[in-house]
Amino acid sequence: MTDTTPTEEHAKTAQQPIDHAAIDDSITSRQEVTGIGAIIRTQPFWVFVAILFIALVMSFVSDAFMTERNMFNITRNMAYFGIMALGMSAVICTAGIDLSVGSLLGLCGINLALVLQAGWGVEVGFIACMLTAAIVGFINGVLIAYVRLAPFVVTLGMLAMARSVAMVVSNNKMIYEFGPDQEIFEWIGGGDVLGVPNVVWVLIIMTLLFLWVWRFTQWGRWVIAIGGNAHAAKLAGIPVERVIVSVYMVCSMCTGIAAFMFIGYTGSATNAMGVTYELNVIAATVIGGANLMGGVVYALGAPIGAALVELIRNSLLLAGIPALWQQFFVGLFLILAVLLEQIRNRGGK
Amino acid sequence: ESHGGYTFALVPKAMNNPFFDLARDGCYKAQEEIEGVTCEYIGPGEHTELEQIQIVQDLITKGVDGIAVSPSNAPAMAKTLKEAEAAGIPVITWDADLLEDDKGLRAAFVGTNNYDIGVELAKLVQARHPDGGTICLQTGGAAAANHNERLKGARDTLAGEDMGEAPGDMLDGQGGWTEISGCPLITNDDGNVAVQGMTDILAANPDLTAFLSTGAFTQWFDNAYRGAAEPYKDKMASGDLTIVVADTLPMQIAQTKDGLGNGLVGQRPFEMGYLAMQMLKDLKDGGSLQDPTYTGLDVCTNDNIDSCVE
Amino acid sequence: MRPGRVPLDADRIEPAPGTSEAGADREDQTNMSLIELKGITKSFGAIHALNGIDLTIQPGEAVGLMGDNGAGKSTLMKIIAGNFSPTAGKILIEGKPVHMTRPIEARENGIEIVYQDLALCDNLTAAANVFLGREISTGVWPFRKLDYQAMYAKAGELFGELKSETRPRDLVKQMSGGQRQAVAIARTRLSDPKLVLMDEPTAAISVRQVKEVLALIKRLKDTGHAVILVSHRMPDVFDVCDRVAVLRRGTKVADKRITETTPEEVTGLIIGAIEAA
Amino acid sequence: MTDTTPTEEHAKTAQQPIDHAAIDDSITSRQEVTGIGAIIRTQPFWVFVAILFIALVMSFVSDAFMTERNMFNITRNMAYFGIMALGMSAVICTAGIDLSVGSLLGLCGINLALVLQAGWGVEVGFIACMLTAAIVGFINGVLIAYVRLAPFVVTLGMLAMARSVAMVVSNNKMIYEFGPDQEIFEWIGGGDVLGVPNVVWVLIIMTLLFLWVWRFTQWGRWVIAIGGNAHAAKLAGIPVERVIVSVYMVCSMCTGIAAFMFIGYTGSATNAMGVTYELNVIAATVIGGANLMGGVVYALGAPIGAALVELIRNSLLLAGIPALWQQFFVGLFLILAVLLEQIRNRGGK
Amino acid sequence: MRPGRVPLDADRIEPAPGTSEAGADREDQTNMSLIELKGITKSFGAIHALNGIDLTIQPGEAVGLMGDNGAGKSTLMKIIAGNFSPTAGKILIEGKPVHMTRPIEARENGIEIVYQDLALCDNLTAAANVFLGREISTGVWPFRKLDYQAMYAKAGELFGELKSETRPRDLVKQMSGGQRQAVAIARTRLSDPKLVLMDEPTAAISVRQVKEVLALIKRLKDTGHAVILVSHRMPDVFDVCDRVAVLRRGTKVADKRITETTPEEVTGLIIGAIEAA
């Protein structure tokens, strides 16, 4: 009946299935509504509610919980992870992942400590630390953005390599002598101002900064756009590759800052520092509302997620629950957090 | 084979642990001092059992002249050491030993008796609190055999009775001592986790009598530990609270000097590394070894802290 | 896992002129519709995609289904294909009420569908896509194995019938829009369906391939198969369909014989300029 | 000019951008060509070439390399990872990931050892081991397939939970007494037949089995289809959810088998077993040609990937390169492997 | 990071009857085409997507570009939009040769494009999508911030002009096909482009929305903008275009005034029944 002539190889029709429901599921609902309404719709808000609830329960369970000292400890402990999670949020917003942050923490710490030990000042140490972070982030970013390798694979490779380099550089020794600026260096990482640990101040400032970045800067807007549809962002003239490289550098440099504060606090550096921290950081980020499919970012999510993870740890111990169970509850809460979001999203439709 | 001398491998549990660094230094010292001995210090980067076994296999394949190993997983290591036996490579164990049944596989053990470390730590606690009280124990990697031995040593001593197979049962009033809920604390050899755990436990239990850690990780992170212990300095000085920790690394000595700890029980890793080489050389030269060879323990209190480690 | 069903003989879809009327005869004889939808309603949470749709289709009939974007056309197709179950309403097939909750059940009732997005697995071959979900296997469990030869042969036959040059062993990923369409359509002919649903089969394909698809629909009709064609293209619908139904915001606003309406009227119905007809 | 009436909420047009190049990049070229041509186009083939090349170089560098004992050791060491990677390949083929395999290895091992220690026979131990694996896989699968949580998050949570349960169940003790069947149990895991370690035989049999499964079974076909386009598979009547659950169960059960052999070989079980193995297994799988985007699977990829990882380790040591560098090369090769695939794909177009 | 460019005033696209002829006048006066493609060739590895395409467009002219699937239409559009650079060939804009390697450069040369797949970020608002890549900011670095108010206001204005009910603050994810189209088109009007490229803007949208898009193209022409319309829909092209060019396998086989050809001839050209014209 019809006469068919040879067709060309290829053509476009919907090569990818389009499912409204699936799309809706995959990207968290975010609307430009301001005020209470908008806040209540976000994951960080509900995690924050969970935190308040746990804190309330704990204040009855243990007298030690609501003490100033415990609050000091909790906030300090979570702050390192919170700082790293801020950077991770940016990476996850572009639908990427950075598995190398734990190793990088170790590498930054070692390089920083070696520089200080060699007698340099704290500024030089800071520069060395941030430079290490920037280089690692740059390598990750270039391999992902330009060479187009999968972020999971690149950063998994970097996880192994950074740790190995840290071992080689430190010759596997622990370093706990930080040269002339030892005192000021250790104060920066471990001291406090107005009764609040310095690292918490850093976290607060960085969170405010990221709040501003995500809401008011072009870079932030571009990162979110890339997470939503990298192809469209590219076509709109956004330099997608460069932005992605910058995102991985931002993530690494957040880790660099965390490393600087962390070594100052602990007072010693080993290359084993940060082993498996990537999983904690990712868990905190996801609990804080990041979506691994990209396109969603909350500046407040990172500290709130990190706070919940630390709170669980602290509460279980204060409540006298065996330490063996601790990881169980961290895992459980991680799954519950995404479940919550899932339910919330379904209900919202 | 190398220049007529011997190459002996010293295999630690993990290379990223400062304790083993001291053993390595001893090993290199032996290389300098003992004629015809080359020290090959190699082990897993991190504490993984399988990797250590693989490394030993590779050393056997490579044909080193002797192996001194600190087995992470004793039964598994024993199996691999059968290959060394077949290949005619002499083996000694250091730091940690094989299980009783497998001891025929190694010529000798050099190190400390882990059980004794626990005993000494417990004695330090008992000396300060003869009437007992509440205690929290802190341990290292999950199911690490040496830490479990130390826990048992401590528990047996505190209880004054046998608390069962290592790591022993939790103290529940035996000998006047009770372990509080939430303990023992698992640290996975992470200094940060160790400090956080100690901080929380001390905060949650203001009346705690003693805190006993079977590993140096508690005090690795100098500042973090100092920050955590500082609020309890007075209580430690007045004898209301006791913190004792295994090992005598330099920062630990300094902390104890400053009154931020009440006792240390140290092994002598440097000596272990040195002696391991010495013993392998003797073995090769046809000598006989004393088994086990204990390198002894350094027991430090606030009083003898300046002199307890030579 | 269900064993693959061996498809019926191929010659069943040879053009048989006059079958169309035969279908009409049958209808008269038995007075039984091929499929009857009664009051089909579907809501997704707060969204009411369909409100009480009635639709009856006779064997050998081609019905055009038109409507604005979001009018509910695809949703209706998916309900008939057993993909969604309706919130309310009944489906009768040859007079018998059916409850379909999975695509397989619709298939067992003789309904096949070509989805709007074609729904192909790009990483598989054309033949593998044709047989997806109903692979042919030989041997007995646990030594039951896929019968590649049979599937290639059969798929080749089907593509031949469609006058498509698609090769069964080629990966779908590398195919043109027309070839992909051929694969999606070939799937509907593995069994001998009574009803074929086609959801915008001609969107984004070129004039040439549109012609092929329309010719295919005519052949299906000629061999006594019923077809529902969802399309935004007025000429296509007026070319091949016997009836046209128009949805507006989930409600059926018209259902007329092609001969009794005009493109202008249908356009008016779609955009709401004409309320109903 | 035109008169616009209100439009309905929503409608479909290409909500997702369709980029031919991107699609081509994301799914490895696979054609139903048989014979040499097809094999040469696969990633495992080129990794295999790399293995041969390294082996050739090593046979000059070290006399010890080509010895029977070294080969015996290499093959045995890689076999445990190879078995786990076979299961991981299936998961990755569905565009999923399973981070919990390392923890599961520990949990299976502990449960197995406890059952044996309690005096049960080796068959009962095997059943306990596999049951543990099946349950964990089932939970992962249900949360991913039915509750639709992200595989990364679910299995990350499971990683923490399984490890915690292993600690609790074992009460943190090492177990090395395996009851009446100790001898036979240890022979199964650690013995050899015809000079080839038993675990290698198991790997060979399982690889052949998976070769068959991927090529000739309906289940295998369905898994590949789901990886290519889960939506289309669903519409084609494939019970996608059930298949995904089965895939996670298969992955877990491969880990269960590895655990059974591993404990028999090591002769003792601790709950710390398998820490960070998930990363090694994923690395082996990816090196063996798996694509994290799904839709690609090679049965031979798993053992070949595992072999390369082990070979790197062994070679570095025999060549006298400091062990500190080892992880560096593993990371490097991981990245090179995906780079190779990237280049190969580009060239092929 | 580039600072956002503040768009020109909005009244520039008010309908100005007669501008079309004015455009033709201008052409005669200066004898300079708006854009001239000379021998554009593009290969992707072994695939030759385009072979020596010549195409000239005058201001105020609408050219239909037709061809089979895979003929190279989208590739040609992307080259003009600075998305790909051609393997060989030259592009002259108002007589000056240009080398565009990035979308921004085309934009700076007064070329805007509506992509076949619309290329929107579903997770952003309509306004954010309109301004994507050229956000409006106020203040000085590092306190430079996005000016939400200005962007909402401007986007609302543009939607109003398009007679679309799209709200600037709505997420694109929740929008209908017509609304999405409006967002994509609104983007082209941020600057005052000389040439607007539209790649299948009417595929998969309903009759009603098709009408709107066609009306918009007419208005663009009337205000002196040139348009290239890629489409598979014959009636659309014959409705709004002044000329039609046909591609077959990467080669231009025809380029005729609409008044001098027929849909039948164009169909023949597309499918290859007519060799060239």
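Going in written order, the chains are labelled A, B, C, D and E, and every chain counts its residues from 1.
As a convention for this text, a residue touches a chain if its C-beta (ideal position, glycine included) is under 8 Å from a C-beta of that chain, and two chains touch if they have at least 3 such contacts.
The chain list, named the UniProt way, goes like this: A, D = Probable sugar ABC transporter, permease protein; C, E = Probable sugar ABC transporter, ATP-binding protein.
None of these values were measured; they are calculated from a predicted model.
Chemist: Hopping along touching chains only, can you work out the least number of steps from subunit A to subunit D?
Modeler: 1
Chemist: Of all chains present, which has the mean Cα position farthest from that of subunit D?
Modeler: E
Chemist: Which of the chain pairs holds the record for C-beta pairs in contact?
Modeler: Contact tally peaks for the chain pair A-D.
Chemist: Indicate the whole-number Å distance between the mean C-alpha point of subunit C and the mean C-alpha point of subunit E.
Modeler: Once rounded, the distance between the two centres reads 35 Å.
Chemist: Using mean CA coordinates as chain centres, what's the subunit D-subunit E distance in Å?
Modeler: 48
Chemist: If you average the CA atoms of subunit C and of subunit D, how far apart do the two points sit, in angstrom?
Modeler: The answer is 41 Å.
Chemist: Return the residues of subunit E touching two or more other chains; collapse runs of consecutive numbers into ranges.
Modeler: 47, 68-71, 115-119, 122, 173, 176-178, 203-206, 208-209, 211, 271
Chemist: Can you list the subunit B residues in contact with two or more other chains?
Modeler: 15, 45-46, 186
Chemist: Give the residues of subunit A touching no fewer than two other chains, as numbers and ranges.
Modeler: 5, 7-18, 23, 163-164, 167, 172, 229, 231-232, 322, 324 - these are the residues of subunit A that touch more than one other chain.
Chemist: Could you please specify the touching residues of subunit D with respect to subunit A in the complex?
Modeler: 10, 12, 14-20, 22-23, 25, 97, 99, 143, 147-150, 152-154, 156-161, 163-165, 167-168, 172, 229, 231-232, 276, 279, 282-283, 286, 292-293, 322, 324-332, 334-335, 338-339, 342
Chemist: Okay, in this complex, where on subunit A does subunit B touch?
Modeler: Residues in contact with subunit B: 62, 64, 67, 69-70, 73, 77, 163-164, 167, 172-174, 176, 186, 189-190, 262, 264-268, 270-273, 275, 313-314, 316-324.
Chemist: Which bits of subunit D are touching subunit C when the two form their complex?
Modeler: Going by the criterion above, the answer is residues 5, 7-13, 23-24, 27, 29-33, 212, 215-219, 221-222, 224-225, 227-229, 231-238, 295-296.
Chemist: Subunit E touches which residues of subunit C in the complex?
Modeler: 66-71, 176-178, 200, 203-211, 232-235, 267, 270-271
Chemist: Give every residue of subunit C touching subunit D within the complex, in rising order.
Modeler: Going by the criterion above, the answer is residues 1, 4, 47, 68-71, 74, 83, 102-104, 107, 113, 115-125, 128, 132-135, 137, 144-146, 169-171, 173, 187, 249, 271-272.
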